[in-house]
Amino acid sequence: AGADLSVFDWSGYEDQGFFGAYMEKHGEAPSYTFFGSQEEAFTKLQSGFTADLAHPCSDAVRKWVAADLIQPLDPSKLTNWDALLPEIKEVDGIVIDGEVYMMPFEWGNTGLIYRTDKISDDQISLQLMADPAYQGKVAIPDAASSAYALASLATGNKDTYTDLTDEQFQAASDWLRSVHPNIRFYWADAGQLDQAMASGELELGWAWNQSELNLIWNEVPAKMMRDVDKGIATWVCGYVHLKSSTTPEEQIYDLLNALSDKESGKYIIESWGYPHANAEAFGISDQELIKTYGFDDVSSFFEGSLFFDAVQPELEAKMLKEFERIKAGF
Amino acid sequence: MTRANGLLFYIILYLAFLYLPVLFLPLFSFNDGTIVAFPIKGWTLEWYRQLGGQETLLQALGNSLIVGAVTALFATSMGLFAARAYVRYRFPGKEASEGLVMLPLVIPGIIVASSMLILFISIGLKPSLTAVILGHTFLALPFSVSIMKSAFDDFDVSLEEAAFDLGSTVTETFRRVTLPIVFPGIVSSLLVTFTVSFDEFVLAFFLSGNQPTLPVYIWSQIRFPAKLPNTLALGSLLLFASVLLLVVAEMFRRRSSSSPV
Amino acid sequence: MTETSIIELQGVEKRFGRFVAVSDMTLSLRAGEFFSLLGPSGCGKTTALRMIAGFQEPTAGKVVIDGQDMAGIPANKRPTNMVFQSYAIFPHLNVGDNVAYGLRHRGVPKAEIAARVDEALGMVELGGLQARRATELSGGQRQRVALARALVMRPKVLLLDEPLSALDKKLREQMQFEMRHLQQNLGITFVMVTHDQYEAMTMSDRIGVMFNGRLVQVDQPAELYARPGSREVATFIGGMNLLPAEVRADEGGTLTVETPGFGTLGIAENPKVASRAKRIVVGIRPEQLEIAAERPADYDATVRGEVSDVAFYGESVHYRVRIPGIDAPVAASVPNYFHTVDHKPGDRVWLGVQGASVIDLGAEDKK
Amino acid sequence: MALSAPATLYVGLLVAAPLVILVAYSLWTQTYVTIDRTPTLASYREAFGDPLVRHLMLRSILIAGAVTVVTVALAYPIAYFIAFRARKKTLWLLLITIPFWSSYLLRVFAWKLILGFNGVMNSALLALGIIDEPLTFLLYNEFAVVLTLAHAWAPFAILPIYVSLQKIDPSLLEASTDLGNGPVETFLRVTLPLTIPGIIAACLIIFIPTVGDYVTPSLVGGSDGKMIANLIQVQFGAANNWPLGATLSLLAMLSVGFVAIVFVIGATGLGRRIR
Amino acid sequence: MTETSIIELQGVEKRFGRFVAVSDMTLSLRAGEFFSLLGPSGCGKTTALRMIAGFQEPTAGKVVIDGQDMAGIPANKRPTNMVFQSYAIFPHLNVGDNVAYGLRHRGVPKAEIAARVDEALGMVELGGLQARRATELSGGQRQRVALARALVMRPKVLLLDEPLSALDKKLREQMQFEMRHLQQNLGITFVMVTHDQYEAMTMSDRIGVMFNGRLVQVDQPAELYARPGSREVATFIGGMNLLPAEVRADEGGTLTVETPGFGTLGIAENPKVASRAKRIVVGIRPEQLEIAAERPADYDATVRGEVSDVAFYGESVHYRVRIPGIDAPVAASVPNYFHTVDHKPGDRVWLGVQGASVIDLGAEDKK
């Protein structure tokens, strides 16, 4: 019964703390299949992979809609829709042409994590990544959009990141090229980055706030550079209803509503360190942690940070191509 | 003397090279920490204990078992007949056919995977366990054919003729003589093709749908540090099971090749 | 083509593609006889046997067994059984199950199977070995199991493809002996393929000699030796000195021939030789030549020559003697009664021969 | 013959059909999420025009070549030992294969544990006081790729060479000795030339698939170790440009085939010249 | 131990673990002789040969070649060359390169290599086949290439391990002949291993007979046949009827013995037999027995019996005759002069023998 519902998700999101209400009602967890990156997920879906729900981030939604992979959601069936943070509902890709395509779930930052025992707080900046002193001590994601987001921040073009002019694109590419000699590896999975930061192999890493917490929990002296002026990015991910879905709607909305419940939000905040889309979740969570993670002022994440919106298709293609060349040292 | 010692020394070094990496997997599966690095923090069986509760892992394991079993059956039955033809008969195009069947051994995996993905989609077969099975059968065929070929090589044609001469029909001869004699070869082929499928990643990654095989599952897991120790525990168990399987297979193979005919 | 013929081959031919392995073979075997097909490797013996067994269909001609045309009747429906050269013992079955194999197919009741298997194993002196694994048998034992497995089927005809070639010399001689006795006791027709002339001669009632797919002579062993129908047969079986000869007279079955070295001789006309001619070839077996230091008396012809080679064979000594006017040295063998070699290379010796032991081998140009 | 038909047809179809489709795709174009089926050589132009493609192709062939040479050279003495010296041959063959019956991904991962920054190697060297900073050149480069693959392919090199060594009649080696040759000369003049077919088989079985490997380079190769297959994988994945992916696949196959043929001809010819 | 001995084995022994393959072998070979080691399979012939060649080190004793102790000298440094049973033709080289193989190692100049290869191939009648691939040769040609490859090295001693066993009968006989001539012309010492008594007897100057790792008799062929030193040798070489006998008198080299069936006979004392005893075994070769329907005159002893078996061999007929008082039937062979078989199974016949052809084989209990 409950397991009939299939979810295509990031690995780890099968955590039953996320959907307690669903478990209560159906007695069984949905069945999960995992992907490692949004691109991988997209390729699989395009080649015929079927599921009921998938978990991309907002920047991918337009592309998925264009590829005819997802169907709109009915907000009236989303019981927690009104409780969601208003800033989030305005993010591009959640609603397209008046139709709700994604129910936001978790959000967070991509930022510069650094070893506090090697680099002091006042010393830290994105430009350090290109500093020859850090040769072999830097890692950035093996993902073009994330790399160009970083480069746009570093070259002062964060506002036009989704629609860079040719000169701006050139500047971003040049900047990435200047970082390339320092790169130990382009990370493909967060675990790889975490391990390398923990061991001291890396001192600077462009990564997600989950990594920051993972390091702190493992007692590694590291933290994320959170100063919006120095450069940080924000993203929102959520669940979309796939066209290939075969399970009755009711069951699908049961899961979506369980995921967006404030109890679920409390759980992800407290044990994963990710902020949740439900505004009420913050109130019922451990306030000590809320403060430590900087979630007491939610709006600060949105103002001034670079937001991961969908990049223009032609620009995206250019980024992908150029990024391959940069990685190869060209 | 010294030359022989030198060779022996090299053999020992090489064995260390083969074994050391693999032995680190079980070692770290007992490590009491999620970050896989020295020094080892402490010893625990926690990761093994957790395995039982991992629904998706168990499902992936089940999928791999199914895919492996069906692949082994398909590849071995096709291999059985093909090998029989190759050993027994001369026919036009035999060399070409033998060469063709060995081709999967030498085509780069990504090319097989990507082109099969395109092929299956274009004939309306969505990524699924079925697609993986078809792909794995393709990869496993050369193994099965060569194992069955050596089984038939040892098999004297006159045994079948003798059965026929003593009144047996063609099917009876196959059942009472051919099958029992090449049986060890069949078992050995089933085991080897099963293992080829069980450990295959690239094709399964491209072709599996919402039911991942174990390697695809492992791929999604080794990217997440919290899951890594579980994966190592699983890998250690797999290693152990494979050794058992291989020993059994080898016993069968020996029985088949030692039967003088 | 007599009333009691059990196997008849009528103009049987077998082609593999363009290659003719057996051509126009006509042969009639009497029930109860021990018949051997003798010939060099590749001459088509096995192919002929397999056409009788039904493993190969003739491309022309007819195989008749026990009065029934075998065309279209597969091997498993023929009243013949075969002993294979490699024995083809089923390795996954024990001795008893090997022998019982054919009976099980026929659905013979269990108790009868056991009794008949016992009996058959007794016949080949393997009683009590029922439970032995096939892999634990010696070569000679394997041969016996193969024999028992075929005999237990009580075939009308037993076909044997070089049944003894895998055994060593001592064992082979013993089995020749035993198989011959078994055949005589059972009265079954045996058709055996061999390339060993001694095996064929010591075991068979009649021998069919094959060359290049053709059956060239069918005769009793002594007849075959004494009156070979061609030079090929003459040299394939036993040693033979060949000499060209010119026929001077031909009357009442006696030919007067002029030969190099030995001069004029009266020899018997050989009825096995097809063509008559002026220039013929005659043969003399090495053991029919007398060799002596002094001119031997009482021989129809004598000639002088020089010993070129001496080979000591134990029971006999083989000499080669060069004779003026004859190309190849002439071979003569002498029983070694006195443990001595009488002539050395270089010695001048006399050879003597009787006209009666010179064999007419037909026209010279015939190959 | 009818019996081999299923296998032949199966492999034939699964080789031929994808090839046809691959060719078709390589002649199409893709923008964003839509495929344009008008035949064009655009992808080929793009592939040929891009120095990156040439660079990766060349590097792939060089890395695969290095992997092949290293693997075969390391494996030969083992095969030799098992064929000529070992008593219990099957036991040895078993011993050689056992490590390969764990998961392939985990084996590659195991090399990361060894070569890593705080991996086994560095830990040991640090503990022994040989170094006081972890070595970083062990991982994320061509060296790591070659080492990892030389490990992964070991049985595929050992087995064919072992088979060809085993076929050598020992009396040939004795004959060579009898004719005055010492062990080294006998090896070079008899053993080696007679095992060339086995060496060629081992090389092909290793070289060709290695060019197409992308998992190992992406795990241990860093950016220096990336190969053409990674680029192909990107086309089918992130870049979502299947036509270019198909084109690159075809070009990779052709290059590999060409190199393989040249190699086989060369090796065979070389073997013939040893007298 | 003579001045001209080229090979000396002094108490040579070879153990494999606990198994003694060759034990206490002492032997001296003369330069230029053709020596054969003859014995049944597994008796240690190959092992002995390989110790001479240097492929195996003796576990005790000494191998001396041309006056030099070979201890510690590897095969590639010894003045011997070998023709292997399987010929060991290098399959990757053509005929010329095979023959040139050893010369290339020695660094002989190119032109000389070519000349010597030509010469060697000429000797074995393979001139002009230099470019033929080894895989395209017939069995006989391979044998010749192996011979040429060894001869071209101009060894002091040529070792041959069953050099002809892979050939068919006709070719084997021809090669025996040719090899013997080649050896005589070149004057090289040949040491040949064989298990074929005829091959050993026809080719060798002397034969060493081995059983179970021991060299039991070394003699010239005729001597070996006439005076075997033991029952084993007597029955291994040629046919032999064995009879128990009691020595009644022993004087002047003549034994008076009492045998079952044949009664009292005067026979020559055999100097090859070591031990003297009262109860001995005597041997009679089948060809030394006269078989006749009427009691033959002029024989030292005659006895009556019944024919149990007749085997026709072409040049001779072999009878088995059952005689009261003798366990096994007695074998008698008769040359087939008259193309007829004179006696049939069941016929009563007389056997006659001369005391001079009865062989003293020593004490009875000796095995």
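The letters A, B, C, D and E name the chains in turn, as written, and every chain counts its residues from 1.
The criterion applied here is as follows: contacts are C-beta pairs under 8 Å (C-beta built on N, C-alpha and C of every residue); 3 or more make two chains touch, one makes a residue touch a chain.
Listed by chain with UniProt protein names: B = Inner membrane ABC transporter permease protein YdcV; C, E = Spermidine/putrescine import ATP-binding protein PotA; D = Putrescine transport system permease protein PotH.
Values in this document were obtained by computation on a predicted structure and should not be read as measured data.
Novice: Quick one: how many steps at least from chain B to chain E, stepping chain to touching chain?
Specialist: Minimal hop count between chain B and chain E: 2.
Novice: Report back the single chain whose CA centre is most distant from the CA centre of chain E.
Specialist: A
Novice: Per-chain C-alpha centres versus the global one: which chain is nearest?
Specialist: Ranked by how close its C-alpha centre lies to the overall one, first comes B.
Novice: So which has more C-beta pairs touching, B-D or A-D?
Specialist: B-D is joined by more C-beta pairs in contact.
Novice: Going by C-alpha centroids, which chain is farthest from chain C? Tell me that one.
Specialist: A
Novice: Find the geometric centre of each of chain D and chain E from their Cα atoms only, then give the gap between the two centres in Å, rounded to an integer.
Specialist: Going by mean C-alpha positions, chain D sits 57 Å from chain E.
Novice: Centroid of chain C to centroid of chain D, CA atoms only: how many Å?
Specialist: The mean C-alpha positions of chain C and chain D differ by 60 Å.
Novice: Between chain A and chain C, what is the gap in Å from one C-alpha centre to the other?
Specialist: 92
Novice: Hey, what residues on chain C touch two or more of the other chains?
Specialist: If we look for residues of chain C contacting two or more partner chains, we find none.
Novice: Can you tell me which residues of chain B touch two or more of the remaining chains?
Specialist: In chain B, residues 36-37, 117, 206, 219, 222 touch at least two other chains, as defined above.
Novice: Among the residues of chain D, which are close enough to touch at least two other chains?
Specialist: Residue numbers touching two or more other chains: 116, 118, 236.
Novice: What are the touching chain pairs in this one?
Specialist: Between chains, contact exists in these pairs: A-B, A-D, B-C, B-D, C-E, D-E.
Novice: Which of the residues in chain B end up touching chain A in this complex?
Specialist: Residues 33-37, 55-56, 59, 117, 121, 126-127, 206, 209-212, 217, 219-228 of chain B touch chain A in their complex.
Novice: In their shared complex, at which residues does chain D touch chain E?
Specialist: Within the complex, chain D contacts chain E at residues 169, 171-172, 174-182, 185, 189-190, 193-194, 271-272, 274-275.
Novice: For chain C, which residues count as touching chain E in their complex?
Specialist: 41, 168, 177, 197-198, 201-202, 221-222, 225-226, 237-239, 285-288, 309, 311-316, 318, 333, 335-337, 339-341, 357
Novice: Enumerate the contact residues on chain D facing chain A in the complex.
Specialist: Checking each residue of chain D against chain A gives 31-33, 51-52, 55-56, 116-118, 134, 136, 140, 218, 222-224, 226, 231, 234, 236-241.
Novice: Help me check something: in the complex, which residues belonging to chain B touch chain D?
Specialist: Answer in residue numbers: 3-4, 7-8, 10-11, 14-15, 17-22, 24-25, 28, 36-39, 78-79, 81-82, 84-86, 89, 91, 94, 97, 100-101, 103-112, 114-119, 122, 134-135, 137-138, 141, 145, 195, 199, 201-202, 206, 214-215, 218-219, 222, 231-232, 235-236, 238-239, 242-243, 245-247, 250, 254.
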